[in-house]
Structures are given as structure tokens and as C-alpha cells.
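Input: structures, listed below.
There are two complexes below, and they share chain A, which is joined by chain B in the first and by chain C in the second.
So, the complex of A and B:
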């Protein structure tokens, strides 16, 4: 049984239809990537799954339960975490307070445990734990955003463009960490414009185009697919 | 110079707070003038109101233009409960605070669907509606005549009729509000509020029930303003609807904004500043002529413009004394370490 199953999901902002009936699933333990150009509806898909954007029609199933009608905070409590696009950390909060916010739905002992784990995964954050998050570098903020999303021990971690605006070396580091988090047992749904990197670490991928899924398959297959190469991998 | 003062304050935070409290406690004993005590009581009263607004505006990020409505509900509740229902002071106080808490929540439930400026306008409208209700519900509020002969506050059979006693009651209430706010803000709920102000979408994605926390913030803000209203009614002994109008709301708003959003000392500072300024100018007027009193409004405008230009988050807003203290200590440590290395 799939951990996350999307059935014919539509999402719109007013009159503009951003997602036009997509269906896909994410199995336990997988890394799944949604790739697509700007405006394809990738971020909207993630936001709809976590519930910050209302769904127009369709169904979302998580862990065998229909969560379509649940409010956002209850979905988070069920184990869906989103690290939003553009590193939305709370800039005036300290690193530690940011992590604490991530563990908002957890008990105190779990908070300590999560913090421990975050600091082992991201040692740099421990060094900076009292610093205001807004003063961190871009890469550090991205790490904090991922660490914060991990704090609630999600079954499904959704990452929205974790490589956005980061130097290539840092990007490689981030992807290494994503893989490591996956190996520790967290299922990952990834949205990326950096399709090459994303497909390399993914089990499966879906290609979105103007709100529709046009292609799907194994990560390695998509990476060599002619159309994908032409459109997203710079024709190499 | 401002930076230096703040650094100094951050370093000696406990001492400065202690001195402030000492001054507040000794003040009425040293200065026996009825007038000066009255001004001080106004300062304390507006500090409570300004803190209440800061809780919702400075920490949760919701602009409320109708604080006077809650202030009025608190005052009228106490007036009606003590003069018509025969309650004594303390139970009436508790009931009034509960009533304003509920009023705040009830206003929040339908209105939080709208956001930002629209919400601010709705609270402004609510303030006006409350004023008109207070003016026209004659059987309950005596309409334009107001409610007279509200008994002075009394605690456990002891009536606080002297201004000094009332002054200390205000000090106690303010201390309770400050302690309450300090604790709430550094609690789980406080962090939830601050995160909502910082980024509502991200807060939601953290699993925070944004709507519930906003309603809660509204209700607590209303309850604190209600407490100020309770104090006002029993202190003056008379309430009528003209006190709780639009101007009152704006006055409170100016105090909170000028003092500093998201700062407890800021709110108190703002309140003291705006209460004392007209009194000070009036005093000045006895030396250099009445014109200065008439120029007061221009001075207000000038202050507001300067504030917006140079420090839009208020005099004491936008920084955290504890953070500054930690930062300065770190700097000193680093400097000391460097010194050590040189040697």
C-alpha cells in the first residue's frame, strides 16, 4: 500500500487552475521527485498535500486514511512535513527556537531527541544554535529548514526546491543529506528544478507540465529519457 | 548613543528593572500632590492598555484599531455588575474580565476570515458599534447619562478610597499583566504567536492551528483591556460612552507603536510618554504662553513622522535585550581570547 496517494487532484487560485487533475503515489521508503519548469504546479502540489492551499477536487490518502478534509495542522500531526520553498525559516527566531517550532506537535522528550538528531545531521547548526536564523548563510538556512521539518519525525518529508539559490558544492551536500535522511527511514517527496541531481537520488519521478503529469517512471529511466533530457537537462 | 544606551540596558537589565519598580513604588509617598498621583495612575492604566494591544499587534501581527471597545466593555461590565447586580468589587472584576475575554473571542470567530487592513477596519467598526450600543441601550447603560456612583475598589472588605491606595492597586494590576505577558510570550503559545506573525504559512506547516491561536490572542488581548476598563470604572466612579471612542483607540495604538512593537518595556514607555507629554506641554505653557499647548497636535504629528522615518518598529521595538546581551558577551569573550593569543 502506498504511503501517499493522490487521486485526481485539482487545485486553483481563484480562476487560475494550477493543478489540473493529477494522480500519483509515493511508497513507503521511497524518494520520489516531481520535476517540471516554472509554473508547472510542483509547489502547489506540495502545498495542497500539506494543506496550506485548499484542494478544489480530488482525494488525498495518507497511510491508508483519507485526509482530504483535514486541516493543515492535523495533517502535520499525522506525519507529513513540508520544508517550504525559499527557506522559510523564522528569521528572528534563534536556530534552536526554529527547531523547537518544528517539534511543535511533539512531546518534550521527543524534542530533545529530535534536537540531538538534527545536530548530528547538521553539526553547523549546533555551532550556531543561539544565533538568529536570519543571520545564517543560504545553505545553513536551507539545512535549518530541512532539520526543522525533520523535528516532527515525519513519515513523509516534502522538500520544495532544497537547492534553490545555493552554490553547487552546498547543493551536493544537501542532496547527500537527503539521501541519508531517506536511509534513516523517512519517505521523501522532492520538488526540484535541478532535475539531474534530483533524478540521480530518486527511485521514481514524475514530470509535471502546466498542471498535468506528462511522464512518469524510474529515476534512472527518466534521466536518460529523450524528452526529459531535451526539456530539463539542457539537452545533454 | 542610542546603541550605547541599549547595550548598557542589556547589560544591567535586572538592575534597571529593579530601579524602575522602586521608583514606581516610592513615587506616591514622595510626591503627595493629587495631580501628580493622578497623572501617574493614568500612566499605569494606559500601560496596561498598550500592553494588551502589543500582545496582539506586536506578537501576533494582527492590527486592532478598536481597543476602546474592549476597554469599554470591561468598564461597563463592572459598572453594571456593581451598581445594578450588587456584586462586590473582586467578583465583579473577575466576571468583567471573563465577559471581555468572551467578547474578544466572539469578535474574532467571524472576523478572522478577513485579513490585514480589512480586519483592522472591522475592529474599528466594532468599536463604533459598541459605543452606539452603550449610548442607546438606556435600560442597561443609562444611555447618555452614563452610570454614576460606581463603588471604589475594595478587597476583602477593605475599601480603597484614597488615591494612594488606588495607585497601588494599579501597580499590582500592571505587575500581574506584565508577569502574565512575559510568561505567555515565552511559552509554547507565545512562540506559536510569534511564528504566526513571522510567517503564517510556515507556522501552519509546523502544525500550528493558526486560527485557534489568533482567536486566543484576541480573547486575551480583550481580557487585559477589559481589566484596564474595570480599573478605570472603579477609579473614576463614573462611566459613559464618550470615553470609549475612536480617539481612545488611536491613542492606545500610538502608544504601542511608538513604544515598540513586541516589547513590554516599550509599551510602558509609550504609555508614559503619551500621558506625560500633554501635561508637560501644559506646564511649559505656564511659562512661555498658551501657544505651545495649541501646537501640541503638530508636535504629535512631527513625532510620528520622525518615528516612521527613522525607527518604524518603535523606540524599543525590533530587538531582544537578551539576544543583545548574549551577543555582547560573545564579543567580549572573543576579544579576550584574541588578547590572550597575542600574549
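So, the complex of A and C:
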């Protein structure tokens, strides 16, 4: 049984149809990537799954339950977490307080545990734990956003453009960490423009174009697919 | 003379502070100035008249009902009007005008029920004044001071000592991200409106008892000074509202006592403007630059 199953999902902003009936699934333990250019509907897909953007039609199933009509906060409580595009950390809060917010639905002991884990995965955050998140560098903010999303011990972690605007070395580190989080048992749904890196660590991938899924397959197959190479991998 | 003015100023100032807290709580979460706050303030006092003087409900129950009804009114405003406006992504000014609308409707409703004349507000007890350091003190001023202090301590604890408070402060920074943390954002906003309005109504009741009178124009005369107090302290900051309220209260009492009672509001506001020129975001406000 798939952990997440999307059935014919449509999402619109007013008259603009951003996602036009996509269906896909993510199995327990996988890393799945959605790739596509700007405006293909990748972020909208993630936002609809977590519930910050309303669905127009279709169904979302998570862990065997239909969650289509649940509000965002209940979906998070069920184990879906999103590290949103542009990090969206709380700039006035310290690193510690940001992590505490991430554990809002958890108990005190789980908070302590989560913090421990976050500082092990991201030692730099421990050094900066009293610093306001707004004063961190881009890479550190990205790590904080991922760490914060992990605080609620999600079954499914969705990452929206975790490499955006970061230096190549930091990008490599972020991808290494994504793989490590996955090995620790968290299923991952990834949205990336950096398709090469994303496909390298993914089990499977879907290619989105103007709100439709045009191609799907194993990560390694997509990486060598002619059309994908031409469109998203710089034709190499 | 000085001590007398000081005590009176503190009492009036504490009342302003509580109304200012009503503005600040909502602003702190939504960056919205809730102009219905002052209408709920006078409604609090009018409900005492309605329930106690007209309907003879026990006094303690009257106070609880009055606070609850005002809070519920604000929750209705949020759920029925402000939330839908926000959901449609309307600019903040639309919500602000909406609260002005509610303010007008509420004060007109009060005019319709109670008329435009000043109405006596009953107290729960009669107090005999006593003299301290040459000042004549009404024991009720001590009750006002104590109430304001207790409310401030409670609210500060709620905002800075609990996870609900942390969620409130998170919403003000990034409401979508707060949702992603699993926070029921609408519920937190509703609670904030309720608490802020209860503070305003509570001070309305105390104003009514303190002056033994209420009329609908108080919504403007006192409301605007409380609003000024919130701005002076740095709107959105709780202890700022407390200090702002006390400063405005002391300022106007001293001006009334030493300079001119007739011009006290004008002079108090001139001083306010001068302070704001020097510290535009208020005494406790952070000077923030918007990053581009």
C-alpha cells in the first residue's frame, strides 16, 4: 500500500489552473522527486498535499485514510511535514524556538528527543541555537527549515526546492542529509529544479509540465531519458 | 496635590492600558488595528446597566456575562467577517474598515437601546474614601490598579510562557509557516480576539464604575486615547501598552491639574506626537527595516 496516493488532483488559483488532474503515489521508505520547470505546478502540488492551498477536485490518501477534506493542522498531526519553498523560518525566533514550533504537536519528551536529533544531523544549528533565525545564512536557514519539519517526526517529509540559491558545496551537503534522513526511515517527496542531483538520490521521479505529469519512472531511468536530459539536465 | 494627581493618573492610565492591550493583542497576531475594540469597551459598561440595573442579575454574574458577551461578539466579527476577508487575500485596509463598520454598528445599537444620554453605572459595593499622604483615595482605584496588574501578568505569561503564546507570535511572523507546524491558526486568532476584547470590556466596566457613568461617546474619547497609548508603547508589545497607558493617563491628569483641564487632551496629544517624532515605532517598538 502506498503511503501517499494522489488521485486526479486539480488545484486552481482563481481562474488559473495550476495543477490539472495529476495522479501519483509515494511508497513507504521511498524518495520520490517531482521535477519540472518554473510554473509546472510542483510547489502547488506539495502545498495542496499539506493543505495550505485548497484542492479543487480529486482525492488525497495518506496512510490508508482519505485526508482530502482535513485542514492543514490535522494533516500535520497525521505525519505530513513540508519544508516550504524559500525556507520560511520564523526570523524573529531563535533557532531553538523555531525547532520548538516544529514540535508544536509533540510532547515535551519528544521535543527534547527531536532537538537532540536535529543537533546531531545539523551541528551548525546547535552552535547557533540562541541566534535569531533571520540572521542565519541561506544554507543555515535551509538546514533549520528541514530540521524544523523533522521535529514532528513525520512519516512523509516533503521538501520544496531545498537547494535553491545555495552554493554547490552546501547543495551537496543538503542532498547527503536528505539521503541520511531517508535511511533513518522517513519517506521523502522532493521538489527540485536541480534535477540531476535530485534524480541521483531518488527511487522514482515524475516529470511535471504545465500542471500535468508527462513522464514517470525510476530515478536512474529518468536521469538518462533523452527528453528529460534535453529539457531539465541542460542537454548533457 | 502631586500625589493625588499621581494616584488618579495611575488609575486612568491602567484603564487605558487594558484597552490598549486589546488593540495590541490583535495587532500582534494579525497586524490589524481592531477599531471595534473601543465599541466593545463601552458595550462592557452598558451590559452592566442592562443586566444589573434593568434585569437584576447578580452583580458577579453580570460582570462575567458582560465580558463573555463582548468576547463572543468579537469572535463573531472575526469568524463572520474578518476571516472570510483574509481568506480572499484582501489588503489589510479592508479588514480595518470592516472593524470600523462593526464599531459603528455596535455603538448605534447601544444608542438605540440606551439612548444618547449619560447613564449611571452601578458599582458592586460602596466605598468610603480614605486619606493617604494628603491625597483622598477611592479604594476602587486600588482595585483598578490591581486588576490591570493581574491581567498584565496573566497575559505576559500567556504570550511569552506558553506554547499558545509562541504560536501567536509565530503567526505574526509567518502565518502559513505556522500552519505547517500543525497549529490551528484560526483557533489561535479567535482566542486572541476573545482575550483582547475581554480586556477592553473589563476596562469599560471599570471606567463605568470609576466615573459612575457611561455614554456612547466614551467609545471615541477614551478609545482614541487608549489607541494612542498602544501606539506610544509600541503596538503589538504588551508591556509597551501598559507603559503607554500609564504615560497617557499620568500625562493628562498632570496637565489637567497643573496647566489646564480644558486643554488636557490637546496638550497630552502634542506631547505624544513629539515622542513619536523621536521614537516612531513607540517607546518599546523595534525599529525595523523591511528587507527588500
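In the analysis below, the second predicted complex is superposed on the first by the 236 of 236 C-alpha atoms of A that agree within 3 Å, B and C clash if a C-alpha of one lies under 4 Å from a C-alpha of the other, contacts with A are read in each partner's own complex, and residues count from 1 in each chain.
By our rule, contacts are C-beta pairs under 8 Å (C-beta built on N, C-alpha and C of every residue); 3 or more make two chains touch, one makes a residue touch a chain.
This structure is a prediction, so every number in the text was calculated from the model and none was measured.
A.B. asks: Following the superposition defined at the top, how do chain B and chain C come out on chain A, clash or fit?
C.D. replies: Aligned through their shared chain, the two binders clash on chain A.
A.B. asks: Scan A:84 for contacts with chain B and chain C and give back first, second, both or neither.
C.D. replies: Both partners.
A.B. asks: Under the stated touch criterion, which partner chain does A:76 make contact with: chain B (first), chain C (second), both, or neither?
C.D. replies: Both chain B and chain C are touched by A:76.
A.B. asks: Does the superposition put A:101 against chain B (first), chain C (second), both, or neither?
C.D. replies: both
A.B. asks: Which partner does A:68 reach: the first (chain B), the second (chain C), both, or neither?
C.D. replies: So A:68 meets neither chain B nor chain C here.
A.B. asks: Which holds for A:152: it touches chain B only (first), chain C only (second), both, or neither?
C.D. replies: A:152 contacts both chain B and chain C.
A.B. asks: Give me the intersection of chain A's contacts with chain B and its contacts with chain C, in residue numbers.
C.D. replies: Comparing the two interfaces on chain A, one with chain B and one with chain C, the shared residues are 50-52, 71-73, 76-77, 81-82, 84, 88-93, 97, 100-102, 104-105, 148, 152.
A.B. asks: Which residues of chain B touch chain A in the complex?
C.D. replies: Within the complex, chain B contacts chain A at residues 188, 191-192, 194-195, 198-199, 201-210, 323, 326.
A.B. asks: Tell me, which parts of chain A touch chain C in their complex?
C.D. replies: Within the complex, chain A touches chain C at residues 50-52, 71-73, 76-77, 81-82, 84, 88-93, 97, 100-102, 104-105, 148-149, 152.
A.B. asks: Tell me, which parts of chain C touch chain A in their complex?
C.D. replies: 163, 166-167, 169-170, 173-174, 176-185
A.B. asks: Flag every residue of chain A that touches chain B in the complex, lowest number first.
C.D. replies: Where chain A meets chain B, its residues are 50-52, 71-73, 76-77, 81-82, 84, 88-94, 97, 100-102, 104-105, 130, 132, 148, 152.
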